[in-house]
Structures are given as C-alpha cells and as structure tokens.
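Below are structures written as structure tokens.
Two complexes are shown next, each including chain A; its partner changes from chain B in the first to chain C in the second.
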Partner chain A sequence: MKKTGVGMCLVLHPTGRKGGGDPSQAIIQLKPDGSLLLKVGAVDHGQGALTILRQVAAEAMDVDISTVYASNRSDDLAPLSAGSAASRVTLVDPHAVVAAANDLKAKIAAFAAHRLEIDAENVELAEGKAFAKDNPHHHMTFAEIGMIANLGQGVILVGTGAWQPAPVQGHDPETGYLDQESVISFGCCVAEVSVDTGTGEVDVTKVVQVWEVGKAINPLLVKQQINGGLQIGLGFALRENLFPHYPDPAHGIESLADYAVPTFMDYPPELIHGIEEVPHPMGVKGAKGFSEGSATAPGPAIISAIHDAVGVWIHEVPATPEVVLRALEAKERDGATDYWSHQERSAWLA
Partner chain B sequence: MNQYIGKAMPRYDAQGQVSGKVRYVDDIKVPGMKCVKVLRSPVHKGVIRGLDFSKAMAVPGVVGFVTAQDIPGKNAYGRFQDMPVLAPDNRVRYRGEPIAAVVAVDQDTALEALSLVEMDIEEQTPVFDMFEAMKPGAPLVRHDSKSNLWVHYPPDITEVTMVKGQVDQGMAQADQVIEGRYSTGVQDHVPMESNVSVAYRDEMGRLVIHTVSQTIYAHLGMLCAILAMPMSQIRYIGGQVGGAFGGKNDIHTDHIAALAVLKFGYPVKYRLTREEDLQFTTKRGAFVLDFKTGVKKDGRLTACRIDIWHDTGAYAGMSPYGLEKCAMFAPGPYDFPHIKVTARTIFTNRPISSSMRGFSVINGQVASEIHMNRVAEALGMDPWELRFVNAWRDGDHGVTGYKVRGAGALEAMKKAAELAGIKLPEKLMSMSSRGRQAS
Partner chain C sequence: MTHILSFTLNGAPVQALVKTSDSLLDVLREKLDVTSPKRGCDSGDCGACTVMLEGKAVRACLTCALTVEGKQVVTVEGLSHNGKLQPLQEAFVSHGGSQCGFCTSGMLVSATALLAKNPHPQRHEIAQEMSGNLCRCGCYEEITQAILDTARKGD
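Right, the complex of A and B next:
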C-alpha cells in the first residue's frame, strides 16, 4: 500500500570559514584595447564562482560584461584564495574583486587626469569611460586609455585587491565562546513523499526549497545550487551509506553497483525553488552565500513527511527501505512510534 | 550604469564543459608519461613486518616503487597534519591505507606489479564502534595516543563544550522536556571526476602538478612540506574541477604523483579508479546525536542540551573543525535562552572522515530538525508555528556568543509556505525577523 505524507523543516547554513582568516585575492588588468582581464584564485568546481566574480567585476568597473575575460587558472601566476569550501566564495571573494576594481579605477583616473589635463578629483569613471565631471564631453574611453597607457606610455594599469574576515582565537574551552560573527543563511523545505508499506521504499514526489541568501548575485545559479544540492540531500536522507551495517564494516560498499547515488530520474516530479533576500552587512551588496545548506534542508523534511505518511519517526538517515520496513514492523508489533535501528546496541545507550 | 549583480546569467564556462571541450586533468597527456598505482592495506589494522618488491620489480615495464622512506619532507599533511602520505612506522590503521606506490609503463603493468608484492602484515584487533573505542582499555587506533579521542584543546581536553546561560535552569522552567537520539550515515562525494593528478618536471626542471584541488594554496603549502621544496619550485595548476563537494578539500593523489616524479624523473599520472575513490578517499563520517529540549506550553523554547559523538575514522582529516561547527550550529536557528552542547571526535579503524557538502552542520541540523518536529508533536503545536515563535530575530545570540544580523528564517518560511500552497495564519504571516513581538 502507498501512503502519502508531507513534512517541513527550517535549517541554517553558516558561510565562510569558522575562525576567519581565510583570504582571497583578485587582479584586474586593463588591456591595450580597453578590455579587462580578471584573475581570481577561487576554484570553480561547478558552482559558478567564475561567473559571479565576473559579474561583480563588470559592475564594479562599470563596463559591459562582454569586455571582461575571467580566469581562475589557479597556479602561482594567479592570485591566492583560501579555496572553494565552507560556502565562502560568495561571501569573501567579491570583496577582493571590488577592492581590485577600486584600485584599478584610481589608477585609470590618475592616468586619465594627466592625459585630459584636469585635476584627478575632477575625473569620473562610468560606462567604460573617464570624463571630466564638470564637462562630460571631455573624456577618454577605456580603449583609448588602454592603448596609450600600455603601448604609448609604457604604463601598466593593473588593480589588485585582497580581503578576509578577520582571524580570531579558537573557542574558549569551557564556554565555546568564539570572537567571530557568523554569517548565516536560512533554508526552509517542504517535502511530500509516498511510502510503499510493502517494500519500505520512499518516493519523494514534491520538494519546495527556499533559501534566504542575503543577495542573490546570480539568481539562476542560486536556483541551480538549490536544486543541485537536493541530489546529495536525497542520497543522505534515503539511500547512501558506505557502511550499511554501521558500525560493522561487513558489507561495506566497494562499487557504485551497490551505492545508488540519486540521479535526475529520482528527482521529484514537482520541484519548486524560492529565493529570499535579507542583506547581511558583511557581504558585498548583502550577499551571504548559502550553497551547502541546499543538501541539508531536504533530509529532515523528508523524514517528517515519512512520519506524516506512516506514523513513525525514523531517528536516522539514510532511511533506507530496510530501515523503513523495520520501523513499520516495530510499529505493528508493539505500537512504537519512534524507530532507531541501533536500539539494541547496548554500548551506545550506556 | 552597467549592473550585473542580481542578474540571472548562465554559467560563464558551462558551454565548454557540457560540450566536452574543457580539458580536465585526466585529459592531459605528456610524452613518456608513466602510470602510478598504490599498494593498499588489505587489513583494518596491522603492523607491516615485511614488504618484498622483488617479484614485482621483475615485471617488464615496472619502473620502481615509492615508499615512506622516499619522502624528503614530512610524512604528514592535512588541516591537522595528522594524515600520512604513505603508511608511517610500518603501521596501517584502515583497510585501503596507502603503503607504497608503483610506477610502471601502463595501468595493467602497475596492477600486475602490485599483485606480486609480498606483504607480511601482522593483523591487529581493530575497533569500529566509536562507543567501544571510547571505553578504557579499548584497542588504540593510534598506538602513540593516550586514547581514541581527539584532543580538541591541548594538552588533554577531548570534549568540546559550548554553553549559553544555565541549561539546568532552562530545563526547570520548561513545561515539557522532549528527548531523542539520532544518527547519520557515512556518505561519499561521488564527483563525476575521480581524484587524479598529472605531474612532471618542466623544461626548467620545475615540478609541475596538475591538480583537482578545491583549496589550491592550502594544498600547495602541504605539498611543499611533504616534498621539502619552496613554493617557487612547484607550479601547481588547477581550477578546472569535475565536481568536488568537499572531497577535494584533502589531497588524495598530488603528493604521491609528485613523489614518483622526484624519485624516477618520469612524467606520471595517478588516477583513482571509481572503486578506489569510493572506498578509500575521505568521507562524510558518522554521527550520533542526543537532543533534550525544554519547551513551554505556549511553544517558547527554554533550553536545549545536545551531546554529539563523531566517528572520524583512522585520521582526523578536517573532522575536529567540522565537529566544532556541528556543535556550534546543532541548536539550529532558534532563540534558546539556555544551551549546552558537548561533543567529541573519536578514532576508529575506518576510512578518514573529512569535509563534505554541508560539512558536519548538516548532521546536527538534520537531527535537530527531526527532533524539533517531534517537539511540535509533543506540544500539539503546528511545526510552522513552533518555528515562527522561536526562530532567530536580529540581535539574538548564538551559542558561541555571536549576534545574529540579517536574520531571514521567517522570510524563508513565508515564501516556502506560499510556494507549497500552505496558508499560514495571519498571526504568523505578520511576524518578521526584524524583531520579536510579545506573544
């Protein structure tokens, strides 16, 4: 028999490295034709770091984005980044890019002031041009500046920037006190499931996942992160365990033949995402980052939906078909409304 | 004004990736490149009494073996510098632990050579259950440590403690106290691209390593320590990664590939098979979590007491850092006046636990949220209402003392309810994270 249920949860995800002190750097160079080369150290492992940092650079330089080439070919020729982990890139790296843009803009303004024969304070940069504030027709384009600087005057116009959340001492051993602000994003998930009471199999039929991210630098990528994180979240909640008889290592997983990572075929037919924005003072334009949390939110909503469907709280993930079936048996046998497969393990309850 | 922040734009580099034009590390071919494969421990715990490579060396096409003796610098790396590159002191602590590496003309030859290595390993009693491992007299995973517990605060504090207010006082104020024990499993990242390195010396003699690292500079520093080389002598090239999910936050192949180049001079590729990657790289480790929550009849939370046990496997990886994060955020986004969390990191003879997407926060949050729904049920209160009443507002404080700014839990919930077609009562919809009304 198939029984359906719905569940919800509210989760948080802290962004940036606990303890701070995780620097990022950026370099922006003006080419002879006025186009820009942005170099960052953030590794792009599919999350879109390069894309959003290019957006930040184009906006900070106030140029058409097509003129910005971005590279994260990370070696000792590229700037440093503490890495693409701890959901830190969206919180930290844009600061470095903005700082590099400000540095370059100041250099461009100084160069243009000299060429335009006006005071540096009278120079304004906008839409790829440097012009006199009191006479906007008196101007040079970035292309003219790039050409004259690089090839006429032998001047390199390059901006550098770096930023990090301040490093702090570790936790106080007695109280856990940590002298660091946590930047936190918030996720709410609603899941609907269909539980096969004959096989214990749980089919997730609908997922609504909303994240409050401070500011979505790129809402399309936020959507892709929310829906992408569900893949690991589904596996964590329902399927994946390298030691199915944990803590016993027997029958440990040796190949993907026995480890069914969810695919898009396992995705709920109804998949709805949402984005909320409550800007955080520490982020560029309020952006917090959030992405790892997208794997967290589905689990508790699914477990709660299973309870709604069959009347048993499963106290573990993954809630594999075996776990669900045993939970149903325990309920049938002695009316238990809570199930934990390690209940018999006396050492754990001592 | 050119405005791009807030604009939906497709991934800048996606076309190259989906059309197969991107060159990943495994696509790199260098003339004369040899294959590296690793000899792994067949037992969960043991002492290596002898290793005989003579039969393996006789296989045509075998260049030679790299062992711990060939490491010019430290045979240890990682955030806590406790993971060996190759089994140190002739001891192995988990099944699959790297013992030595073979360099050969191709993979078949390398695998044949590995099968001919004669290993004399004295098997020792392993421990897999972290609760057994904590008992006095339990077999030690690390023979040179006092217990199987990680020392979070030297010289000898193994328990992480986080306190806000007086938890006993908070429990005494509660109308109901709800308890529960929860556990989470062991998960692998399964990136499409398994761990791989290509390494060689360039025309200037400089060591080049193509990496899939997601934390380039941290790993470069570790490689310099292992190889005893200055940063300027290593060109560490990365940035194009076929999925990582926290699994490439630790080095898995770069160090061994580099050691092979240093010893034999040939360009090499060291790529893990899917089976190796699945079984022997770092994992999301198991947790057991106890929750005890005090709550008033009107739904206001008064206290939470959380106890956490984390199985880090045979080495620390980044787990102690993750455990602290788990402890810090396990109470969830709620205004508890009184909190006490205690947590510990425990060694077992299992593959190393380290970072994975949601790193340890996920474990605390999944348990906490199942528990919170059980609290709502015990109270006879709607789970949405319980959360609206208690969720952080600006100015609330977390357990480590930080002040919450930019709180957005209520806004996320309102949007989720709307998108899910759930109509929430007006008294909830009128609440905001900007402040808490008297209820």
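Right, the complex of A and C next:
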C-alpha cells in the first residue's frame, strides 16, 4: 500500500566566516585591448563565484561583462580570500572587487586626464570610456587608454582592493545577539513523499523550496543552487549510505560511485523554487550567501514527510527501504513511533 | 598488439594507433585529444563519457576501440555547426543545465540521442532515458526543462 505525507523544514543559514576575520582581496588590471583582468581568490567549482564577481566588477567599472576576464587558477597566484566556503563569496568578496574597481577607476581617470589635458576632477568614466564632464565628446575609450598605457608609455594600470568585516563583538547576554551569526539566509523546503509500506521504498513526489537571499545578483545561479541543493539533501535523506553497517565501519564506501548518488529518476516530478529578496545592509547590493543551506533543508523535510505518511520518526539517514521496513515492523510489533536501526543492530550484536 | 583504427569522428575521417585493450575513451582522449568525453568512473556508472556511435548513445569507457572501425562517432563537439549551437545546447544555457560542467558533454550527447529517438518525450521518459548520466551539482531539473523546451520548440 502506498501512503503519502508532507513534511517541512525551515533553515536559518548563517553566511560568511565572520568569527575568523574573513579577509578578501581583489586585483583588476586594464589590458592593452581595454578588457579587464579580474584576479580573485574565490574558487569556482560550478556554483558561479566567478560569474558573480565578474558581474560585480563589470557593474562597478560600467563595462560589458564580456570584457571582464576572471582568474582564480591557483592559490599561489591569487589574491587572498578566505575561500569558497561558509556561503561567504557573494557576501564578502564583492566588497574587495568594488574597492579594486574604484582604485582602478581613479587611476584610469588620472591617466585619461593627462592625455585629454583636463583636470582629473573633470573626468568621468562610463560605458567603457573616459570623458570630460563638460564636454562628453572629448573622450578616450578604455581600449585606447589600455593601448597607450601598456604599450606606448610602459605604464601598468591596476586597481587593488581589500575588505574585511568589522572585528566581531562577543555574544551579548542581554539580547542574545551574536555578531558571527548576524548575516542569516532563510530557507524553507516542503516535501511530499509516497511511502510503499510493502517494500519500504520512499518516492519524493513534489518539492517546493523558497530561499531568502538578500538580493539575487544572478537569479539563474540562485535557482541552480536551490534545485541542486535538493540533490545533496535527497541523497542524504534516502540514498547515500556512508557506513551501511554502522556502528560497524565495515563496507564503508570507497568512492563516489559506491554510494548511490540520486539520478534523474530520484528527482521529484514536480519541483518548484522561489527566491525572496530582503536586502541585507552588509552585502554589496544587499546580497547574502545561502548555497550550502539549500542542501540542508530537504533531508529533514523528507524525514518529516515519512512520519506524516506512516507515523514513525526515523532517527537516522539514509532512510533506505530496509530502514523504513524495519521501522514499520517495529511500529507494528511494539507500537514504537521512533526508530533507530543502529540501536536495534547493537542489541543483536550484544 | 597495436592496430591502425580508422573511423569517422564528428564527420571527419580519423586514424589512430591503438592497442587491442584500448577503450574508445582512451583513444578519444589520449590519442585524438578530444577531451569532451570525461573520464568520471571509467566503469560505466556515471555517463560523463557518453558519445554517439552510429546515432546511439554509448559509454566510451565501455566501448572497445576496435569495435568502432569504419563507424560514425559523434562527441559534443560534433553537435554544433560552425560555432553555432544547436537548440538543445541553447536551451541548456538558458535553463542553466550546467554548473561545474563535468557531466555536461555526456548529458548533451545523451539528450541529443534521446530526442532523435523520441522527439516528444514525456517527463518520466526523460528521467528514465537520462538516468544513466549523473550530475553531482543537481542540474536534473534544469536539464529536464531544457529537453522539454527543445522538444516543444521543435514543432
């Protein structure tokens, strides 16, 4: 018999690594063709860190994003960053990029003022050009500036920027305020499951996830992170068994292929995502990080949905068909509404 | 023992000196420098090395190189023409069907083979047909939408 149930999980996900200082640096260099080379320390392993930082640099410099190249190839060569962790990149690193852009803009303005024979205060930069405020036709493009500076005059135009959040204050016992946790993204996952009481198999039939991210600098990347987080959470809840004989470590997994990563077949036929925006004062444009949080919500939502469907709290993951069947058996036998399989297993071993 | 293997790769004739034990993936990546088929698991689990052999999606890591003698092999490079992306590739871009990109070439080849076989797949058919391609970033929903979108626009 198939029983359906619905479960929900709410997540408060602190972003940034403020307790540890969380420094960030960026370098932007004007190339001879007028394009920009952005050097950052954040690593992009597919979540889009470089895309976000290129977007921020392009907007701060007022150029097209296609002319901004980003590099983070190696820690040995990259500016300092606390790294792609703690959902911090979108919150912290853009500050350094904006500072580097402002530094470079001042240098370009000074260089252009000299070439255009006007005061530096009279130079304005927009749309990849430097021009006189009182006479916009009197201008140079970034390509011209880059060519003359790099190849004609042997000058390097490079902006540097660094940023770090204010030192953290200790925990305030009166209000409960804790500085390290002051930037929080809020998420919600609602999962609908169908539990086969004959086989113990759990099908996730519908998932709705909504995240409040401050400001979605790139909504497509936010969507990918929300929907992609489900894969981690779903695997965690139902499939990926690191130690199948826990507490006995025997037959622990040895490679990614050994534990069953969710496939297309495991994704729910209905998957809905939502993005809420409440700009945060600490973020550039109000943006916060959130991505890791999206992996945490689906697991508890699915386990709650199983409880809603069959009336048993499964206190371990993954809730594989074996675990669910044993939980249903225990409920039938003892009326138990809570289930820990390793306790049962430990009892057999004793 | 070595042999001279001749086949058609993305429309052009190619030759390579191969060992009897070489897989098609070995030949593509190491002899012909075509690195879009990825060596994920090298045991047929992940689908990152999927290529089309005579129009059918196969695992390059499980295909003995010598069996493709005289046959047509297409990798993701062969999907676009003169730098112009196919509608399916465009849909992958617009729906965000790729994050780290490791699975992407295999996904595109599998999806192309799926649409060639079944131009109007239902959602569950896509899930079934594509389930041999794993994506650890979790782009399944985006890829499914991209395939559905391409099928809709193909009318």
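Keep in mind that, in the parts below, the second predicted complex is superposed on the first by the 313 of 350 C-alpha atoms of A that agree within 3 Å, B and C clash if a C-alpha of one lies under 4 Å from a C-alpha of the other, contacts with A are read in each partner's own complex, and residues count from 1 in each chain.
As a working rule, a residue touches a chain if its C-beta (ideal position, glycine included) is under 8 Å from a C-beta of that chain, and two chains touch if they have at least 3 such contacts.
Values in this document were obtained by computation on a predicted structure and should not be read as measured data.
In the superposition on chain A, no contact is made by A:Ala120 with either chain B or chain C. In the superposition on chain A, A:Leu221 contacts both chain B and chain C.
For chain A, the partner touching the most residues, choosing from chain B and chain C, is B. Once the two complexes are overlaid on the shared chain, A:Thr263 sits against chain C while remaining clear of chain B. In the superposition on chain A, A:Leu271 contacts chain C only, with no contact to chain B. In the overlay built on the shared chain, the residue A:His45 is in contact with chain B and with chain C. Contacts of A:Leu242 after superposition: chain B is touched, whereas chain C is not reached. In the superposition on chain A, A:Leu230 makes contact with chain C only, while chain B stays out of contact range. Counting contacts by the rule stated earlier, residues 45-46, 48, 220-221, 229, 232, 255-256, 261 of chain A appear in both its interface with chain B and its interface with chain C.
Within the complex formed with chain C, the chain A residues making contact are 45-48, 220-221, 223-224, 227-232, 255-257, 261-265, 267, 269, 271. The touching residues of chain C, counted against chain A in their complex, run 41, 43, 45-46, 96, 99-101, 123-124, 126-128, 130-144. Residues 1-13, 17, 44, 95, 128-132, 135, 152-153, 157, 160-163, 180-188, 190-191, 213-218, 220, 231-232, 234-246, 248-249, 274-275, 278-279, 283-284, 286, 288, 311, 321, 324-325, 327-329, 332-333, 341, 348, 350-351, 355-359, 361-362, 365-366, 368-370, 372-374, 383-384, 387, 391, 398-409, 411-413, 415-417, 419-420, 422, 433 of chain B are the ones touching chain A in the complex.
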